[in-house]
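Here come two complexes built around subunit A, the first alongside subunit B, the second alongside subunit C.
This part shows the complex of A and B:
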């Protein structure tokens, strides 16, 4: 019997691949840049993951793909949308998560997850690249700064400026005129990130604000994006160590469900315990996750105690005494 | 003709309605009357020996029409004005409007301004449906329309002719309803786009010609119920314009079988018959009122019917697993009503997905991801 499954996220700017063993542990993962159209990036990600795991494609019991190119992969037995996969991956990384914010290269999505970890509602940027990694990329170019240092520079912003256009091209014009007016690069970049946060908050509004919130996708690695979104939401964001692989992990987990069912694989109690211990050690489901494993109730979200003497308080006293 | 030929013929007419009208006119030497949706009694124009056709949104980009109507009008009205301004409606001898929403009224004015040589007939449709005077006022309105038509053709429209047209239109509607029944029961695998071709061509073609083909089409389905593992969905919304065929095809390509709809280019158009006896004008007024209890429309005001309750009921009967709402951008009646539908569906735990459509086209790949996700949600919820 084959003892591994693979998840591939064939995105617009990067390709991600994850291999899991039958217990659901990550054996290897990889992120490769570009080549989405030619398929080179995805091939490299698959090869790299297989090499790291010391396995071959033929060793995979199930291969599931997701992302824009999900239907283009011969290796995949099945494909699911990035929304289903990101939700599944993010909930595995931060158990109990109820909202997933995923900002990738060309799309951003907000997914609300019910108490069973299933997608309840979702919203995507359906008009343009506003509020995506592409938006940041275009504006980084306008400010002449490389993408990697974009977030740190924006964190130094002191003055609050506003970029009102959501279209990347128009926003670029705004950025250039702000710079021409003599505003500091740091402040202009702060405004760019505030614009992304506002756009994200708009998507959150469409599905309903709920916590705990996980942020995945490449933009989760940008500290300024995280800070501004966190401030706009008024809630903490849980950040997995490898936010980019959430979709591939979700795809692999869906494949694992399927493969376990097909092979009637039953996880032994011992294995399950070992897995739980490992999770506790790693403080998450995936090694090195920076997220908070316990369900954190955001203070702003916590229900206030019923007003003393009010109807709700009387009812709850009655209920407690029944 | 075999089944695929009939559907191909319907599709051809649906894709180029004005070409059909021009050919019909050349063949018969008779007049063509274009009308706006959604409540025009085509029976009246038919009884006046003209070809009534419901004017259709065109696929063409809006060009000269931009100078006449603002871009925040719905795609249907903008397309109507653009077609009028670019001379596409020259084949029409008259155009008839019933006021059913503010945007349509704006478009009517713009068309009047552009087509100074075309007879434009306007009739008032009462929108408050459950007042004691609704029937009377509707009779008055349809009566006036009959007078205007008689004036336009220069002859009387007899009750007998009107009754004959009513019978023919009823027969046509009943045949299409039969197709809906068969699709629901799984005995006729009619794709959503094929159903649209059937209904849309019925809005355009000579009714007798359409009915003959339709009879053949209905008889061609002798299939036994087929097992189908797709997700069963209801399509709701889209009033005046037909959803783009590529959108319907995309939806079905995501593992979906459309088992019912309340689209105007669908069940809404053929839901209700006109009484075949009694005063025909009173019958048309009755039909106008019954249509809103049959398939409620958010452009009408009727306190004792709820569109959302109708939808939930229809879906139970269709054994639909979920619903896709197709909302034309800037369609105000739909936009303002949708929150009620959303609340009712969420309350009932019935999944639905809202898709806003645009005349200018949509990013199909992103939409496909949304529909596929919706299908995955419906499937996983059922499995859970």
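This part shows the complex of A and C:
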């Protein structure tokens, strides 16, 4: 029996991979940036994760994929949608979570989870990438700042500005226009993050506000996005240590469930050898037998001796003397 | 490693054979419309409510705007009309039914009316509609409806006589209000009845003849019976597996709603017979019914067969919908064939979107319970906001009252460019996974 499972999140801008052991512990994980359809990023993420774990693809008992490219992976035994996988992964990262906010490269989603950790309802952005990671990438380029420092810069905002556009492209135009009018970069970026929070709040409204709330996806690493969403929501956000891998983790956990079911009555090689050793020691011919027939004690012999002075003892003495 | 798109497995919807008859009826009807002018018939254009029996009885050729746009979309010939409309100045966010139909009106004027010397292509359906001799505007719930008729009038030089029937919104806010009951309902029914009687006078003015009421009575007797047959067949879809799908009922809209009355009773007798036979044989509308779904939203007319097959591929029987089950003479009990006008007015008023949300949502929840659905697919039509407005509330109520998940996708009635396949796939698959995981947790 194999001892590991893999989850792969083949997203729009990054590929994520997670390997779990049979107890559900993360053995290795990786995140790689990628082109839209080349598959190079996902290959890199898978290879990197396998190398970190010192394993090969053949060592995986199950491989489950998710994300927009989920149907394109030969390695995957099964695929599930991001909704199912992100919910599963997020609840594993923050047990008891009832609402998952995931903002990834090209979509943002809000998932309500019932008390059993199952998806109750979900809502996703429909028309454009406004309010997603791609939106932030575009605007980081517009204000000539690198993506990693975008959030920290936005946290320095003092004046409240408004980006009202529903469209990522036109929002970029608005940003450029505000900068041209002389507004500070910090304030403009604050407005960008406020716009993301407003759109997220709209999605939350569609599935119902409920806590605890966990935020996953690459945008969860942006402190300004977290702050503005928390403020808009009026609730704290629980942030996993590695928010980007929630989908891949969920996929791996679904694979683990599946593999455990299939192998519930299959024993591992180590367990099999242990049985062999025990059987040899017991001189047994089938596992579980505790000994050979000649070593078995006759039940009659195992009877306790009659109590001294008792009726059975006197009768026994008389019988012996006759 | 090869990166390649995995082909989808090829399960197909098990469509009702009877729906093929609907296709023939539709073709015959439009052929009749295209040659009506040459046959000397008066032509009336109208949208929305099914006033066609009033026109048919008076031997007036009737052209239902949405029906023509839907027919073009179903034949994938809608794009040219939409481009013509956009050139004329009708923007993309305008109701695509209206935009397509107005494109046809503009094409008609260019190739029939303006005598610009252009040679029409007989296979091009955008110009073939005969120009109207009259327009009747009778649209419940949709503010675009009256503007659409007004725009049509402008395209034809504001020379076409128009009659307007006002169908008020059912507010449902008085203490005695409810579905088909209360003071508001009775007063509104009377108000529309008076207008329909005035409409008949308008028709008499156009034809120059007394209105043939007897013919209307006969037609409404047939429509009442056809509606009863249709509802009986729909009711049988509580069977598991469901013998007919929402998409079969979509294809059956034209016969009940806007085709000549003569064939409608026979059509639904055939449908009912087939549905009964399927129930007896345990035959379903999808090869392997695993999920039962409700469809909220107006139809994507360029995607009917395609969506039917897509859901069949997911082993999902889409059984009922707001569009099919809550419209199109759905209350035959209100129609008295010997005095049908008030019942007709009432059927126009209960266009599903014309109710206040509490009534609308209750009717939808009742259908979901009756057909024992596992989830709800919601089509948010980009250019029909009247249909889309209450959809978040419908989804929220379905979750709260019935505990069923929903998935929403954006598309449109006849403008395919608003439709995104991967968005639909992801959302429907996520919903089916949610249903599946709940089932597994119950078993465990």
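Keep this in mind: the second predicted complex is superposed on the first by the 262 of 322 C-alpha atoms of A that agree within 3 Å, B and C clash if a C-alpha of one lies under 4 Å from a C-alpha of the other, contacts with A are read in each partner's own complex, and residues count from 1 in each chain.
Here, a residue touches a chain if its C-beta (ideal position, glycine included) is under 8 Å from a C-beta of that chain, and two chains touch if they have at least 3 such contacts.
Because the structure is predicted, anything quoted here is derived from the model rather than measured.
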Subunit C versus subunit B on the shared subunit A, clash or fit after superposition: clash
First, second, both or neither for A:39, with subunit B first and subunit C second: second
Residues of subunit A touched, compared between subunit B and subunit C (which is higher): C
Which superposed partner A:118 touches (first subunit B, second subunit C, both, neither): both
First, second, both or neither for A:176, with subunit B first and subunit C second: neither
Which of subunit B and subunit C A:84 touches, first, second, both or neither: both
First, second, both or neither for A:184, with subunit B first and subunit C second: neither
Partner chain in contact with A:72 - subunit B first, subunit C second, else both or neither: second
Common interface positions of subunit A, toward subunit B and toward subunit C: 68, 80-84, 116, 118-119, 122, 124, 126
Subunit A residues within the subunit B interface of the complex: 68, 80-84, 107, 116, 118-119, 122, 124, 126
Touching residues (chain side subunit A, partner subunit C) in the complex: 37-39, 42-43, 68-69, 71-75, 80-84, 116, 118-124, 126-127, 206, 208
Complex contacts: residues of subunit B adjacent to subunit A: 363, 365-367, 369-370, 372-373, 376-377, 380-381, 384
Subunit A partner contacts - residues on subunit C that touch it in the complex: 1-6, 380, 392, 395-396, 399, 405-410, 422-423, 426-427, 429-430, 433-434, 437-438, 441
